[in-house]
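Presented sequentially are two complexes of chain A, the first with chain B as partner and the second with chain C.
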Partner chain A sequence: MKRLIFVCFCLLLSAGCAPTYPIERLGIINTIGIDSDSQDSQALNATYVYFQFDPNAKNINEIVSSKAKTLKGTREKANVKSNFQLVPGKLRVLMMGRPLAEKGVASILDTLVRDAKITDTMYLAVADSAAGNVLSEVFQRSTTNVGTHLYQLIDTNVDQEILIRTTLRDFMHKYYDIGNDPVLPLISVVEHMPSIERMALFRDETYAGDISVEEGFFIKLLSGRYQAGRLELSLPIDEFENIRQKDTDQREEDSLFLSLSDLRSHNSIKLVSKKEVRFQSDIKVQARIMEISEQLELDKEEVVKKLEKVIQKDMERQINQLLDKFRELKVDPIGFGSIYNAKHPITQEEWRKLLSEMKLDLNLNVNIIRQGIID
Partner chain B sequence: MNTTNLTIKPTMRIQAFYLFFIMNSIQTGSGIMGVPRYIFMEARQDAWISVLIAGLLVHLVMAAMFAIMNHYENTDVLGVQTDLFGKWIAKLLGTIYIIYFFFVLLSVTMDYIQVVQTFIFPRMSAWVLSLVLILLIVYAVMSGLRVAVGITFIFFFLSLWLLIFLYKSIAYMEITHFQPLLEASPSELLRGARHTSYSYLGIEILFFIYPFISNKEKAKLPAHLGLALTTFFILLVTVISIGYFSPGELPEQVWPVLVLFKIVEYSVIGRFDVLVVTEWMMVILPNMILLTWIITYITKRLYHVQQRKVLYVVAVLLLIGAGITKHEYFILQIIDTVAATGFWVAFVYPLVLLPLVWMKSKWKRRKRGGAKT
Partner chain C sequence: MKKRGMRRSNSKELLPSSIENLKTKLQEAMHNNPDFQIRDFEIGGQRVLVFYISIIVKKQQLNDNILAPLLKGDKQWTTQKLINALPLGNNVAQTKLNEVVDALVQGSVGIYIEKESELITYPIPDQEKRSVDKSDKESTVLGPQDAFTESLTTNLNMIRWRMNTGDLVTEKLLIGERVPTEIRLVYLKNLANKEDVQTMRQRLQDLVVDRIEDATPLTYYIEDSSTSIFPQFYQTELPSRFSYSLSMGRVGVLVDKSPTGIIAPTSLFSFFESTEDVFMRWNVGSFIRILRFFALIISAMLTPAYVAALTFHYEVIPTPLLTTLGASRAAVPFPPVFEALLLELLIELLREAGARLPTKVGQTIGIVGGIVIGQAAVAAGLTSNILIIVVAISALASFTAPSYLIGSTIRVIRFPLIILSGFLGLIGIMASICFLIIHLLKVTSLGRPYLLPIYPFVGKDFSKTFYRLPYYFNLKRSFSYKPQDMIRYPKKKARKMKDIDD
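This part shows the complex of A and B:
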């Protein structure tokens, strides 16, 4: 018994040796914006948005910028400017400026992965201009809480399957995988509010180009699966000339607009010919129509079939357009290379050369299962 | 005087089924945190085959150990060595065992402290952390083997739930990482299998704990099952790591298994990996307690020193050893050396010992037969 008390006592005492982190004195970093300095190309400019737990503070967010050669160095310098100890344990978003992304981001991400304190589930993003400007503009000009706003902006859109999930882990995984390139949301400021207008494509670690969020839909369609996606299409109206209900609808448009929602998809990609670098993709899409700009008799099977066929054709056209873009930029966000690599091991450089010859046979199957509560 | 056979008081004996927990706990500890990386560096995407090969071979070693022990009535490996090589060589070999076990213990302690410093408290001194661990070890070992085994038993269940939280990394696995299958050459597979040795270390405990088992006829099954569970754990984390990490990413991870938990996140516990590292103490502690017990036990058997005194000396040495080391490369070097030595001590030595035991008994029988005629 005496021994037990002694051991407990010692354990209790030694617990005091652990460093303490009183929350009132911590600045919990929520968002970091990193840019390369415009004058000194080797230096980094970092902007930290952090939470402070001061009951008297008007704004729970605080923002501080600093300049140094390394990312950890910028934190030390930012610490000097702030009356809190800045800690990165709850970092949610890392935003990189476009000029920096064009130079390559691997060295910055390396320090994040190396640091066990930084979570793998944080989001990465690219800012349309300088990341620091985006953060400080939103911080100063809008009333919103910039740190959580940015995180929630990405998070809710990922949850709703509008964006591709782009956590640190996803980025590193695709970066290290042979024949797979990362994609990140590209954030711009519209009326003092951050907004995701486009997606940034990466070639390995460098920014290679961008596509619209709508085009980003097809990346996920080809590389993953949708549980509840959505898609807006504009189809040529001529295709429906004989099935349009002209008597109730006299609008004169040259396109038919429709929106598919609760879209479920399943896809499988196979390498069919190594010599021709030809892949075959079987995609099954199931969706319901919730909005359509023309009156069609959707209760008739042949009308639905016709509509499915036109949607199919239009999606194929868009996918092929997107693939052309990828071939031109020499990027592979869908990961054809890793499918190739699984059959015939290859290096990243070899795959880059093969990428322009890559062909895809699409086997798309669209199935409209519901059209709402009216026909 | 017959020094080979031991008589253990019935109050100090343990049931055979505890062997299951002892085998599994002493093997699962610090090694498993990093093992997928080392196997993967040799056998690439076929690393899981290496694990299966290694598991099979270790089962063979264990069978050999049982064959050696069954040759005698009730003894440990020290008695076997005295019987085979005489008093002095046996003492030397026993001392090698002591030193070896001490370094295994030291490497486990240092590795865990390193993990805590990397993941949770970068500024906390290694002295404090090792003091906390050593206090618990001393407290447990002081009360004898039965308490040590009891702790092993309890902590096994208290840490088993960690497995559940691998679900998220399983969901992130990619099948293309395993293809093409069977690309590694047999020699690469074997080299990969050899790299698991640090995670299978501890099997030697059977050599020392055997005389304490009350129902020896039932000892084989739990021991082999415990070993099979270790193989399953290593296989599980290896398969998940291959699927979860990119081929370029895995060789760069020092503790891939801990990183697998970094993807788990809840609104109540934002950083699940911190919880895992803390909980890992329950995985590592039985391991350390059993190792310390072996050291004190061998010293007592060889040099007739009181176990308690040995325990204090081991505790102080461990505190100093774990306290003064700071550099990761040094720790990795010690682990590598222990793993390399352990390969010979734990896996090769029993296989060498077995034919010697056979030869000796044959020779004895012939001598006795010769005397009759």
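This part shows the complex of A and C:
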């Protein structure tokens, strides 16, 4: 019994050592913007957006900036400016300024991965100017909850398969993988609101260039699979000249606009020839037509066949354009290199050299399964 | 059986003796009790002594069946003649003073005919008892509503009536040195596990106490571990539950003057079974039973989880909840542990006050407590309104347990859990869960593991413990408790439905 009391007493004493984090005293960081300092190229400028639970405060979000050489250092500095203890446990979005991204982000992300308190499923993004400016402009000029806005902006678009998933884990995976490069959303401010306008391409850890969100669609088409994607296409109208129904409206169009939804895709890439660095990709796409700018007789099978063929051709054209861009920037977001590496081990540098010679035989198969319900 | 107590050991021969001598001895033995009446009749020149304690015998029976035949006619009575003449059974011939006194205090009438070598006593006790009522503590919607009363005879009657089979054994035992209480060990001879019956009998026989207050304290004397917070015998006031358990091969104990029947052996999970589950359709019954297990977990874990999350683990709170939680917590001046303890204490106070007060006032207290104090506490900034919901849910969940005993056990367990979670967070909760599981593994009920059928694992019994299946799967009794006969009904018959053509 005496021993039991002694053990309980020791337990109680050791309990005093557990650090407490009562939420009312915490500034819970949800978004960080990091930039390289314009004067001191070695220093980092960090902007923290955090939740503060002050019953008298109107806004639940607070923003604070600080400057230090390391990311952890900026948090220490920022802590001095805040009456709350800044904790990173619910960090959802890390936004990096483009100047910083051009220099390389691996050292910053490394500390995030190392920190067990920080979730690996947080989203990464690149700001098209300084990340701190984006955050503070949105914070000051708009009424939105800046803390959750950015996270939800990325999260909902990822859920709807408009964006590629770009969590910290995905980024680090692609970064360490040979022959694979990360892609991040590029956020700019439009009318004081953050908006994902383009996608940033990375060469290893450095920003290499950007593509539009629409082009981003094809990265996923080639590297992953769609469950319910959507796509807008503009097809040359000449192709449909003879099957086109009499134009009801008087609009003059030179293209046929088409919107596909519930797009399911399945894809497999094989290395066909090592010598030629030639890959073959078999892509099966199933989709539903949701909107079409011309009246076509979609009941007829040959019309649908024709349409499928034109869509296929257009998609192939866009994919090839995108690949040309990748070859030019020497980036490989689709991950051809890792397929190559699986068969024939190669280093990252060797692959970069091979990348410009890379060829892809596309084997695209578009299948329109429904055209909507028309009585 | 061994000698019990001081009073019985100094047994003296009383008879034969003169009438006057007997009178004095009896008066002395009864300590000049004013209710003790000795009536001296002279019938045909013979003196007959009739004595009884007036307030515990049935007057009507005394007059009609004893005094009337006795006084009628001028017979020469002898003890044997009297036994033949009186229309009552259960006559006992007595010669020892202490046995006579024992009989008298239990409501017997003693008759002594002058110069006979023994006197006879007739038990005609008049026991005040309430009539069979609806159960308050274990109310059910479906099924029989009657509950045990304080009278052993009534209780035995209800059990006998439900289980009208010759197989039913009700062994009589007397426990209590100073005030003996009648106890009945009830089981089905050809079904109940013999070992269980023997263990229970042994424990009851070996028990030496001065007096048993009720069936509930009796369980505390004979259960396996007195230090444990978990009840090890099921206590019920429903004859339906009692007889159902008997028919499943359990052993029951009924105590005189107690409205509670004891059932053993039991597992932890049987405290969450209600007889209603049996009366419900199997799928509905399963749902409700699983709901109760969830309620158990919620009741014990929800408030500690709140405290742990708010004190240590802000990461696990979903962001939308975090903002509302933080906003409501910001105004509260206490750390979450104190906040939670305060509100839990408030709920316990309300519950206790409601239970002690008369029903009508109790309802008012419920409303006052629930609405006024709850709202006021939030408005005064003593607690966050989310904690009110948390505490209310866990209090509500603790009331879903069909057994009042296990409900109160869970409510008590919550407090150390809250304190530990306040000190150590989720680690504290984990530590206390581990402690509880280790403890539960060690607890036994009548020598059988308390966590049956999980440990030792008996998968076949899951359908009897955690959920229910249609009756044609329930062909067998519970394997865990090894009844003598496993089969409830043959498999072939279970599946066959008689149609109109058959």
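As a convention for this text, the second predicted complex is superposed on the first by the 354 of 375 C-alpha atoms of A that agree within 3 Å, B and C clash if a C-alpha of one lies under 4 Å from a C-alpha of the other, contacts with A are read in each partner's own complex, and residues count from 1 in each chain.
FYI, a contact is a pair of C-beta atoms (placed from the backbone, for glycine too) under 8 Å apart; a residue touches a chain by one contact, two chains touch by 3 or more.
The shown structure was predicted, so the numbers you read here are calculated from the model rather than taken from an experiment.
Counting residues of chain A touched by each partner, chain B versus chain C, the larger count belongs to B. Once the two complexes are overlaid on the shared chain, A:Leu4 sits against chain B while remaining clear of chain C.
Contact with chain B, but none with chain C, is seen for A:His173 once the two complexes are overlaid on the shared chain. Contacts of A:Ala116 after superposition on the shared chain: chain B is touched, whereas chain C is not. Once chain A of one complex is fitted onto chain A of the other, the partner contacts of A:Tyr21 are limited to chain C, with no touch recorded for chain B. Of the two partner chains, chain B and chain C are each touched by A:Gly89. Overlaid on A, the two complexes show chain B and chain C touching the same residues of chain A, namely 18, 89-90, 117, 119. Remark: chain B residues 118-119, 121, 123-125, 128, 131-132, 135-136, 138-139, 142, 172, 174, 176-177, 179-180, 183, 245-249, 259, 262-263, 265, 270-271, 273 touch chain A in the complex.
Within the complex formed with chain A, the residues of chain C that make contact are 310-315, 317, 319-320, 322-323, 325-327, 329-332, 335-336, 423-425, 427-428.
By the touch criterion given at the top, residues 3-4, 7, 10-11, 14, 17-19, 89-90, 116-117, 119-121, 169, 172-178, 338-339, 341-345 of chain A touch chain B in their complex.
The touching residues of chain A, when paired with chain C in their complex, are 12, 15, 18, 20-24, 26, 28, 30, 51, 53-55, 60, 87, 89-90, 92, 117, 119, 148, 151.
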